[in-house]
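Each of the two complexes below includes chain A, the first together with chain B, the second together with chain C.
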Partner chain A sequence: MTKLLEVKNLVTHFVTQDGIVQAVNGVSFEVNQGEIVALVGESGCGKTVSSLSVLQLIPQPPGKIVDGKVIFAGMDLLKKSKEEMQKIRGSRISMIFQEPMTSLNPVLTIGRQLTEGLQFHLKLDKKEATRQAVELLKSVGIPHAEGRLNDYPHHFSGGMRQRVMIAMALACEPQLVIADEPTTAVDVTIQAQLLDLIRNLTLRLNTALIIITHNLGVVARYAQRVYVMYAGQIMEQGTAIDVYHNPLHPYTAGLLGSVPRLDEPRRTRLQPIDGQPPDLIAPPQGCPFAPRCVYVKPECKLKRLPLVEINSGHFTACLVAQEGALPWKKILSLK
Partner chain B sequence: MFNLFYRAKKEVTEPETSSRQHHTLWGDAWVRLRRNKLAVLGGSIILLLALAAIFAPLYLKYDFATQNYDAILVGPSTEHLLGTDELGRDVFSRLIYGARTSLAVGLFTQLVVLMVGLPIGAIAAAAGGRVDNLLMRFVDIMYAFPDILLIILLRAIFGGSIFMIFLAIGLVAWVGIARLVRGQILSVKQRDFVAAARAMGGSGAYVTLRHLLPNSLGPIIVAITFNIPRAIFAEAALSYIGIGVRPPTPSWGTMIADGNNVIYAAPYLVIFPAIAIAILMLSFTFLGDGLRDALDPRLRR
Partner chain C sequence: MEKDIILEVTNLTKYFPVTGGFFGRKKLAEVKAVDGVSFAIHKGETLGLVGESGSGKTTVGKNILQLQRPTSGEIWFKNKDLASLSNKELRPYRQKLQVVFQDPYESLDPRFTAADIIGEPLRLHKVKGGEYNKRIAELLKLVGLSPYMAERYPHEFSGGQRQRLGVARALALQPEFIVCDEPLSALDVSIQAQIINLLDDLKNKFGLSYLFISHDLSVVRHISDRVMVMYLGKLMEVADRDSMYEKPLHPYTQALLSAVPIPDPAVEAERKVIILKGEVPSPLNPPTGCVFHPRCFKAFEDCPKVVPVMGETSPDHHVACLLYKECWP
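And now, the complex of A and B:
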């Protein structure tokens, strides 16, 4: 497998009146060709900002990519000009957004919005673009595709709109699709359908996929590798199986413990993680999870802890785990 | 190329046309506008008056400038529908020709307003930062300048042809539209589809023209419709104080001013043009109200 995307030590800050928000603080991750990778974490942990930084869609100002490298297919994206980035966005890397209800322009027809990307990136003429738009709509499971090209977004339901968004994102057969919580805003019944659709289409096109989510169920079912993020840093990374069955970080264990499961006795209580994520204007000096961590040691609060490979391909930033102990394992298995 | 995709419904081989009716957004707005009786009334009056003004020479018995000294200050009669003025000119003819002036003022000033205000507001909002700041402070200065004084100044500089009146009134009124356009675009800019368009590789100009402006259009159309009666009134006021349209071109404002001199002898000389101004302004206001309701995004389904 060849590396498609390599993000190295990405640092993205936002300048606000209260101070500098260190939204992403030294994040590194890789995506191989055709691979499905998940970025997991709670709201505000920097998942979205990391992916927007890859596309350079961070509003500047107030945002700023302070440090790091984004290597995509051998090119350093952070060194690209505005025009070069415009050519890459949508054709080689595209994005599926969270809110299908607002991510389509209400005054343009679906056909118009689908064909414009094809015309711009693939230089197709109008007729050919329309023909492909119909194929795309069919491939994402929209019935009567020919007739629906002239419909406006408000004629579609949320799930259907998200299908259109998926069609738009895949229109130019990109090498990488970033799906930012693609199913958070739709019904639970539709979520699995949409995710299956995204997975099947990306597999067919050999497109790599980054799923950004806070839903661990999604990760377990679809992702091959997982990065667990917290407070703008990566806490744990590994294959989905490793991370699920053998979490090497108390934060991951905490996330797993706070998910309701069907295979448990009904009266089992969920175990929430106490406390709040840290203030990113003045993040803690050491491990950002230390203030909420049950297993914290004095050394944890001294300096930032590096990611260390414990098993092959399974990294953790937790000092306790690095020293060989996994005290949270007992609690998880007790559940 | 797309044989990579599986087909959602394999049995669909020939294109099916759905029986669903296709509504466009503007089509929906049109339907809502037609349901509003006052707006239809206003629009009809405007249309009727416009047609009457355009085709005036075809059906009017009298020219607007022909003076008839045998019939001075004659009251309304079958010969002169709305009477004659102190120079023996037919008031009805003058009113219809005066509508030409008023409607032209309403239309062309808004053209000037759009040509100046729209790009300035759009550029300010799209560019942001220092450009935005600079343009908006210029707008603030223009806004703070007394309107009438500015119009008189512009009239003094550009002279007195009717086109200069369009220009003068337009150059006073554009600031409001510039602010509105900027505000609209700034709010549309925050919406998700703009980020989606940029993520699809749209350039700044493309996003502005294709996504930002069309989504800001509704309130702009409404504002323009409300601006028209104000411009008409401004022209009438200017003509009334004698710095508007030059005689003999008829203007409702001039007619009122002339009638003022003989108001006790022939009050209808003031009343008829005043009613005409009131009806036209009211019609535009009704139409504007209707448009606002029709284009209100909250009503969109």
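And now, the complex of A and C:
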């Protein structure tokens, strides 16, 4: 498989009144051509900031990409000028945002917003762009597509708006689509419709897909490889099967233990993770999960732990696992 | 069985007028947010209420609490029909019926301290002096917070802690019945489990009954004894938890359950998912016959014509779908 995107040691900070927030703190990940990769984590773990950094959509200031490399198809995106990035965004890498109501422009028609990218990137004339826009709306399952080009975003329901977003993201047949919590604002039956649509379209175009989500079920259904993030760092990475069936980090195990599952006998009690994520203005020196970790050792708190490959392609930043013990397996088998 | 029913809802309807005209006085149409819903909640039971946005599940909760007055129907609690009482007559009953809201970021007054928030119901019901402070400390401990946090403001708490405050406020007047309206949806997964366990502990400790409103079917299965499914203002299926999840009868329930992704890639790879067509139609102009028929994968020619009634197909399993002979009017 060819490597399409490689993020190396990315560090993104935000300057606030209270201090510098270390939102992303040395994150590395890769995406191969046509692959579906998930970044999983809870709010504030840096999954969205990582992906916005890739596209240089971080507002600067207050944000700042302090360190790292973003290699996309052989180019270092962090060295590109504003104009060069504009040509890449939307045509080679595009994004599906979380809230379609706030990410579509409310005062422009859907047709105008769809044809804008086509005219800019593919240099189509207005007539041809309009024709393609209709095709796009049809391909994402919007009924009466011709008649809807002159409608404004508020004419569409939440699910339909997200379909328009998907059409926009795929308009120029990009090599990489980043979907940031694409279905958190919609109902379960619509969630299933939209995610299937995204998967089928990206498969057809051989487009790689990064799904950013906190929903462990969505990851299990769609992703081939998974990066588990916590407090701006990657805790564990591997194939979806490895990460779910043999978690090498107590945080991953904790997440899996805290969600009820429909396919298993009902447990009388859930196993929550006690405490809260750390303050990223003054994150812990050692492993960021150490303050909440049941299996913590004194060494965990001393210095940052690197990701180490335990099994082929399966990495963990947990010292306990690196030393060969997996005490959390006991709890998971309780389910 | 009849005796241990704590709350009974009969034929509840709530219509909202759609107004127009220059002064907004012309009534153009009606939205049938809740349309003829009947159910009972037993003492010590958690009844889960599932549905997508716009199904009317929150409206049911608000009407039980009399935060909205129903258009018609009865809500029986302690041998009184709450819907027929005046605001003044309702007061003693309000203590016993409490609510935990969805978003702990919006349902707590930012200018109130934790003690003010939890203490407000106490003040309204004239608890004073040393008793007042003692009760606040007690309530904070009860929900897993520390009494020294009493003077903090909501922004000094995390999301999970804020929801604990919301729970403490609901508990202040020793209620018997709590409506939990999507209490987890604003929280992260690892924190959700903390609140679920807290609600469970409190229920056992005080013998509470819950109406647990949620769109998360896995959580509802975990927490509920019985489950109701709503769609476009109507009940589709009511059953005890295990028979609902093991043998869902209504096609809508079947589709909902199959749409929930399971956090296991190996299971997901094998699973056949029912993907419903289209979206929830506008409640302004609901479909004829069975309201679900335009999206139903099992619909047949009678579905647009006949309105199904709730029928009991097996003990404690009720469904409203024409596939079952019990549901023909």
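Quick notes
Note that the second predicted complex is superposed on the first by the 334 of 335 C-alpha atoms of A that agree within 3 Å, B and C clash if a C-alpha of one lies under 4 Å from a C-alpha of the other, contacts with A are read in each partner's own complex, and residues count from 1 in each chain.
By definition in this document, contacts are C-beta pairs under 8 Å (C-beta built on N, C-alpha and C of every residue); 3 or more make two chains touch, one makes a residue touch a chain.
On a predicted model such as this, the values are computed, not experimentally measured, just so you know.
When both complexes are overlaid on chain A, chain B and chain C end up sitting side by side without clashing. Contacts of A:Arg261 after superposition: chain C is touched, whereas chain B is not reached. After overlaying the two complexes on the shared chain, residue contacts for A:Phe120 are found with chain B alone; chain C is out of touch. Seen from the CA centre of chain A, chain B and chain C lie at an angle of 80° in the overlaid model, rounded to the nearest 10.
Once the two complexes are laid over each other on the shared chain, residue contacts for A:Val188 go to chain C alone; chain B is not touched. In the superposed model, A:Leu216 makes contact with chain C only, not with chain B. With both structures placed on the common chain, the touch criterion links A:His245 to chain C but leaves chain B unconnected.
Once chain A of one complex is fitted onto chain A of the other, the partner contacts of A:Gln285 are absent, as it touches neither chain B nor chain C. Looking at the shared chain after the overlay, A:Asp196 reaches chain C, while chain B stays out of its contact range.
Between chain B and chain C the least C-alpha distance in the superposed model amounts to 5 Å. The part of chain C that touches chain A in the complex is made up of residues 52-53, 158, 160, 188-194, 196-197, 200, 215, 217-219, 221-222, 241, 245, 255-257, 259-268, 273, 275-276, 279-280. Within the complex formed with chain C, the residues of chain A that make contact are 42-43, 157, 159-160, 187-193, 196, 214-221, 223, 240-241, 244-245, 254-263, 266-267, 269-274, 276. Put simply, chain B touches chain A in their complex at residues 1-2, 4-9, 12, 15-18, 20, 22-25, 191-193, 195-203, 210-211, 214-215, 217, 297, 300-301.
Residue ranges on chain A touching chain B, taken from their complex, read 55, 57, 83, 86-91, 94-95, 97-99, 102-108, 116-117, 120-121, 132, 135-136, 138-144, 146-148, 150-152, 154-155, 165, 168, 173, 200-201, 204-205.
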